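Quick one: the structure is below, and I'll ask about it shortly.
Note that the chains are named A, B, C and D in the order they appear, and that numbering of residues resets to 1 at the start of each chain.
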Amino acid sequence: MPGARVASDLWFTEYVSPWDVYQHGVQRLLVAKQTRYQQMYIIETGSYGKALILDGKWQSSTVDEFLYHEALVHPACILHGEPRRVLILGGGEGATAREALRWKTVEKVLMVDIDEEVVEACREYLPEMHQGAFDDPRTEVLIGDALEYLAKGEARWDIIISDLSDPIEEGPSFQLFTREYFEQCRRRLNPGGIFVVQAGPTSPAEMTLHVRLASTVRAVFPHFMHYVSYVPTYASPWGFVLGTDRPVPSDFDPSEVDRLLAQKTKGGFRLIDGRTMRMLWNPPKYLREAIAAETRVYTLQEPPKFFGEGIAKQRQNL
Amino acid sequence: MPGARVASDLWFTEYVSPWDVYQHGVQRLLVAKQTRYQQMYIIETGSYGKALILDGKWQSSTVDEFLYHEALVHPACILHGEPRRVLILGGGEGATAREALRWKTVEKVLMVDIDEEVVEACREYLPEMHQGAFDDPRTEVLIGDALEYLAKGEARWDIIISDLSDPIEEGPSFQLFTREYFEQCRRRLNPGGIFVVQAGPTSPAEMTLHVRLASTVRAVFPHFMHYVSYVPTYASPWGFVLGTDRPVPSDFDPSEVDRLLAQKTKGGFRLIDGRTMRMLWNPPKYLREAIAAETRVYTLQEPPKFFGEGIAKQRQNL
Amino acid sequence: MPGARVASDLWFTEYVSPWDVYQHGVQRLLVAKQTRYQQMYIIETGSYGKALILDGKWQSSTVDEFLYHEALVHPACILHGEPRRVLILGGGEGATAREALRWKTVEKVLMVDIDEEVVEACREYLPEMHQGAFDDPRTEVLIGDALEYLAKGEARWDIIISDLSDPIEEGPSFQLFTREYFEQCRRRLNPGGIFVVQAGPTSPAEMTLHVRLASTVRAVFPHFMHYVSYVPTYASPWGFVLGTDRPVPSDFDPSEVDRLLAQKTKGGFRLIDGRTMRMLWNPPKYLREAIAAETRVYTLQEPPKFFGEGIAKQRQNL
Amino acid sequence: MPGARVASDLWFTEYVSPWDVYQHGVQRLLVAKQTRYQQMYIIETGSYGKALILDGKWQSSTVDEFLYHEALVHPACILHGEPRRVLILGGGEGATAREALRWKTVEKVLMVDIDEEVVEACREYLPEMHQGAFDDPRTEVLIGDALEYLAKGEARWDIIISDLSDPIEEGPSFQLFTREYFEQCRRRLNPGGIFVVQAGPTSPAEMTLHVRLASTVRAVFPHFMHYVSYVPTYASPWGFVLGTDRPVPSDFDPSEVDRLLAQKTKGGFRLIDGRTMRMLWNPPKYLREAIAAETRVYTLQEPPKFFGEGIAKQRQNL
């Protein structure tokens, strides 16, 4: 006792850690597919709308994704002030592109995602996420490996956004959370350009990945900032880190931010405005202290190992 | 596929909504008891330390409770500047008292909690929470009904903190989330005194309770403020609302806050400092807009009905 | 601790009782549909092959359905010895028809099922179940209400099989587990004909439905028998009851049964033969005693209420 | 949809296989302890009374344990007709001893169980199971290793019952499901003595362990028999195998069995009588065929690996 009334008999079950499990009732299963790289679901839930899940990890859901995607894109753009060329590494849902395209200054958005099947499924089943971003003439989608793209090309960008799935063991992205990768990103920025990375949970129970990613970005860039947005379906507040050769202000004047957004974007924000930028730019004490104290960095030799397993690892285990 | 390795075969299962379930592996079950008022567990989890659960609702856990208790207590105290007399309604764990007692100006903390068995169990099994707050000579614990205490007495307070369990149907506290109750609280404040209430989840999927509680506090007090802290185990960011007859500043100067805290408290904060106050004082856009647009208030005739059930309701249903 | 490795993150969850929950990892969701009468899934599981689920209740799965369908059909046919005309009430998967059609003596199998969408989905997605039974020229499918069919028609049958989903509250079939319905069935039997009904769990924790159904059949027919087959996915051994005006032997001679089956059927049994008939004809002591002691019967005025809810009830509750 | 009302927020979760999970709502947790050998719970459930769980595997529960313990003990005793000396290997709950002591002919019951903490906890918390068996002057409990006891001693027995927990990887008992162990048991039988072993699930989805254990017993003894009882909480029908140098009849005459039980036992059976012996002695066709076809046996070099993990294995994995 007590117990409760539950409304579903089909549950998507995220194993957040070996000790913490978050379940969401499934109303409809729109896509269930093993792609070349990962296991993909697109489900319709009871509370959080439609959701994309890769290798057992919740990526985003239509009801609360704005808390993630607006936080991922706009702080870097606001800091820059005049973003023209935006590179997105990952970003399959198209929602990161959607946010970048709010900026009237943006001339080009290039999405490099390794998994064409994910991009296609999102395009078809998650129109609420991309909202036409794939059809914007400024958008280009390149199916390929982010590391390879960075290593081979020379084009430069004002904003580079690392919107990759979490670095689970033998998943497709764990190498992309390392110093070497961040250095490649830095090399491909225009002067004054900004790199931003989705950077893991910031729960006091589980913030190692975030803290060390912040330390890694700090080791690569002259200036950096870390901030937090809370996305309920992630079962933890979520961290972001940006790095740049441009000085990062210690805070923002809300009215100046609002003026900039009014002038340079087409609007439509649900999370971001001047006051929210203040919220983001003042992360909580425990996190500032933990990051200040951290010295280790992730490298290709010592990459992160986030709880979870890619399909290769799964196959070994079963 | 995928799936994962799980580390427990005994799970505490919180039915957050009929569609969302959060499970935590139990390492030890310290207390399992049906008190006169509610069903109580104290468990030891794998990730979040020890936790108190009442009527199936997670109250707090040792690893992340500071994100709740510091956010509940200190904004009101900082706004006041010189709190001497603090009244806590509910607050069984003793952690709210613990935070109030950090203020050297505080002369008296009165906790009025209806459930002696909960208070006693917390005192014995959750020393990490109260940290001796019950033994501080400034603390007094009164076992009794908060509404009755407010209605009958005349003593006045600088800070009144409503730290009650969520207003589930036929639970012990749903009447205490209404205009009538807030008016009683206002009547018992000293001039310049501040009332603050824990005010429910602020997830975009589930923010009705919070938004309407903010509207209710606003209807009762000349000045009010709402803010958010993220407590991972609540499976949602969490809202707080304060009301007062003292003007509420639109923001805080971090260094002034830090100075005040250094001078008036004994320190030891993990969440709160000047910059965190800025974070709290600038809640996200979607929430500010929803609260600005809300006109309904909760009354004794139309009290909130939060998902969950008290034991009386449970007995009817089984 | 311990815990285990689990292989799925999508689980079908059967609420067997408010206290007992059985979960099966879903590999593929083949059908998820709300029909006019009930909520239907066809899933592919990890251990038990493909399964049909109606209103949250597991109906049958390809790996263990033979334990149900052979037990449902053949004892009545063996007892009869020469079944020609078989009426199946319910039986959407087509597996009950499949078993009846093993009898070379059978000239006609009529299936009366209320839910055309279920029949069609099974036909398309569960060929392992019907194995062509729908295409046998002896089979006729009538979409309609079983009670109505019985009340209006006059055709008589050698075997009538009640293969309905469990009598959950406001589900489509709870009226069909009553004396009135059994009387209608009796009226439609040829002399020496046999009625058999799937009759619920026989777990010592939950055998009320079974025991009282046996009592109800006994009240309607001069002779009756009850027996049990274990179907692992039902999370309980499962009961069956048959009634007839033909004397029921107290046991079977295995070799005579084997001779009859060799002569009159096309074979292919996995559960049934002479020795298994002995197993079935000697149900366990606790069940024989409980049924002997039962005096109540189910009627239209006092129908069974099995744990579970039809969609009409669900709509009221949410 | 649908969903249901659940009555608990604390669930014991048995990982029956990586794809099948059985959960029982916990009303009270009576014991939770890591012994020297295994992880032990004694819980009070909502439907099945009190239950003992070792290393995550459900051992027995007060509501349905008679289906296991009567099936384990009495067929061998009935076959023997005059059991005087009974050796139980394992059997911590004391319920196997309880059943053996029903036989008035029994002069001595020796229980050899490796885990004193389990025996003590059962004695204290599960009086419904042992019902005083530990206090019967004919009972002796020896704490020690079954293999060692068998190897070193010379005493002979009429009945040897292997009532061990399942052979999970690195659990305390996997070596005791091998030919070598069965040979030790045979050596310690009196002429005409009988060995019986609890022998795993017989679900069509998971019967490998049972089938090969039957094959192993058959390889060691001149005569053998396999049979099945259904124990709902095991989520599968459950197999038993016995071996002996005494010819095993192909069936029993129910009235002779009833006469024997009336004469030689003090009664009180809930499962076993003459007719139930017929049920047990006629296992289902699919199982007889699978066992007839099996040729492999378990040996110390190739012991069984049942799904589940002992605590040593757990420690490696976490």
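Please note the rule applied: contacts are C-beta pairs under 8 Å (C-beta built on N, C-alpha and C of every residue); 3 or more make two chains touch, one makes a residue touch a chain.
All values reported here derive from a predicted model rather than from experimental measurement.
**Student:** Return the chains common to the contact lists of chain A and chain B.
**Tutor:** Neighbours common to chain A and chain B are C, D.
**Student:** By the contact definition above, name the pair with the higher C-beta contact count: B-C or C-D.
**Tutor:** C-D
**Student:** Counting in whole Å, what is the centre-to-centre distance of chain B and chain C, each centre being its mean C-alpha position?
**Tutor:** So the centroids are 53 Å from each other.
**Student:** Report the inter-centroid distance (CA atoms only) between chain C and chain D in whole Å.
**Tutor:** 31
**Student:** Provide the list of chain B residues touching at least two other chains, using ranges where the numbers run on.
**Tutor:** 1-9, 11, 15, 18, 25, 56, 318
**Student:** Which residues of chain B touch chain D in the complex?
**Tutor:** Listed in rising order, the residues of chain B that touch chain D are 3, 5-15, 18, 26, 28-29, 32, 41, 53, 56, 317-318.
**Student:** Given the complex with chain B, which residues does chain C contribute to the contact?
**Tutor:** 1-9, 18, 25, 27, 318
**Student:** Okay, in this complex, where on chain C does chain D touch?
**Tutor:** 1-8, 11, 15, 17-25, 34, 39, 45-48, 55-56, 63-64, 66-67, 201, 203-206, 228, 230, 232, 235-237, 251, 254, 269-273, 275-276, 278-279, 282-286, 288, 307-309, 311, 314
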